[in-house]
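Before I ask anything, let me first share the structure, which is written out below as structure tokens.
As written, the chain order gives the labels A, B and C, with residue 1 at the start of each chain.
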Amino acid sequence: MKFSFRPNEGAFYELFTRAAQNLVRGTELLNELALPDVEVQSVSERLTEVEHDSDKITHELYKKINSTFVTPFDREDIYRLGSLLDDVMDHLEAVGNLLYLYGLTKLPSLPREMHELVHVLDQQAKLTAEAMPRLKSMKDLEDYWIEINRLENDGDQAYRMLLVRLFSGEYDALTVLKMKEVADELEAACDSFEHVANTVETIAVKES
Amino acid sequence: MKFSFRPNEGAFYELFTRAAQNLVRGTELLNELALPDVEVQSVSERLTEVEHDSDKITHELYKKINSTFVTPFDREDIYRLGSLLDDVMDHLEAVGNLLYLYGLTKLPSLPREMHELVHVLDQQAKLTAEAMPRLKSMKDLEDYWIEINRLENDGDQAYRMLLVRLFSGEYDALTVLKMKEVADELEAACDSFEHVANTVETIAVKES
Amino acid sequence: MKFSFRPNEGAFYELFTRAAQNLVRGTELLNELALPDVEVQSVSERLTEVEHDSDKITHELYKKINSTFVTPFDREDIYRLGSLLDDVMDHLEAVGNLLYLYGLTKLPSLPREMHELVHVLDQQAKLTAEAMPRLKSMKDLEDYWIEINRLENDGDQAYRMLLVRLFSGEYDALTVLKMKEVADELEAACDSFEHVANTVETIAVKES
């Protein structure tokens, strides 16, 4: 019989992994928005479903923290990591939702820099989903957080260039304001991935 | 003679409660802004007074942390909770101040969604003021944080609909920009109430 | 022979001090932008260089945390303080970069309130650089954080007055949007200095 001193710890890693896999589903849905003849309302609704699923995972995680005697690492860090993964999902959902609500997809095309930002998010989501199971061993995580930070810099650059374009006079003021809201959510998602990675780094520093 | 192992702890709960009661005074003042013939400058000034009083409470709290040997829970959590309650007040004060400074109340009426947001804040403030004294027993707090989170979702929804209206073409670009600043402070206040509730939850998790 | 129980701790204070001195270099560069016939691109590039240097200091700090057995105070607090000093630099660099990217320095002059905000930042940077070496003794730090908070209030006031001017109709909507981005970075830098001071206060409270 296999004996584990920390019988419940597997469940924590599984919840983190599921939360991160939802982020991959989220960025894949955002990628669909670049396709011709996309049904924006349907993408927005599917994003909302994924977001609700993430909420459930987060609550399951919080309940598990409360009902577990020995947690794999600090309760507060588990709590924070869960809450930050949830933040990313909120921003991804907001992007799809705002694009639909503001009718922005009726424009001939969205600025190229928006697609660049979605591409950065997609890579960040995949790296995060791959890293979560490695929390168990606390090994091979350094590449993950370095790469997330590098991608966040790329995202920052794309965001700045997006604003330069938005303010160039190519669009009218109200369209600029709408796109700016979407741009801010894209950038906030990018930042949130970095916050997740920084928290993983903090945990690894403490546990090492 | 009554003996208390933690003689000072009552003072902490009292300071948290007073800080939260000030938030109720704050949202009540914002509610006055919906009344006909309201004196906006006077409301803004009274908000600033309440905000100054909150600052005093926060500093009293910090001094108490420094001068108390055994605190009812982690020093850092007391510090954080006090600072987050202070954040809410700052946002409430900003709402009144900006409405006055930008002359927005000279408009025939403010968008309905702004009043909805104020209503959400009012409910959050009351729930928070009722919850603070329960920190002592750490009991019956779960309903409080669940309800605050639910209200924050309502607030988010009202905020999004507010932006849809602002960007609809009903107002000129500069008026949109001014209202957007007010909307952002309303939404930030709503979020801050959630941060307070999340901190209470974290403390309860640790102490349980 | 001098004996130190904590042989590495001097290195931590030195890294914090170097990070804060870079912030002084940053605000001095922003001050140059007020000079007639300034080369904006050159200032922006030098700000980016200082920002890269700050990144290196932050990484050196993180490595030191990992390789040191007994740290002068909580690992997590060292981590947070380093990361917050880095945040200030990011905002200062963004100010210079956006002014250049948006071509705002081609305007006859920048609003007076922008210069006021830079002046606040300059004072905050100098106070922070002076305070960092005092972390060693944990003495005479109270004046530092009180003064930083006072300056942050001044900055807030200047920021609000800047927005009133931007929304007054003096500039066209796109110019307003561009300046608003710069204003937000200035205000965020001002806030970040306060976060640094609050963290120093938290550390001092714990260590006392």
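As a working rule, contacts are C-beta pairs under 8 Å (C-beta built on N, C-alpha and C of every residue); 3 or more make two chains touch, one makes a residue touch a chain.
Every value quoted in this text rests on a predicted model; they were computed, and no experiment measured them.
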item: Same-residue or different-residue interface between subunit A and subunit B, half as cut-off; value: different
item: Relative orientation of copies subunit B and subunit C, as a Cα rotation angle in degrees, nearest 5; value: 120
item: Cα-centroid distance, subunit A relative to subunit B, in whole angstrom; value: 28
item: Residues of subunit C engaged with two or more neighbouring chains; value: 173, 177
item: Of all residues in subunit A, those that touch subunit B in their complex; value: 62, 65-66, 75-76, 79, 83, 97-98, 101-102, 173-174, 177-178, 181
item: Subunit B to subunit A touching residues, read off their complex; value: 160, 163-164, 166-167, 169, 173, 176-177, 180, 198, 201-202, 205-206, 208
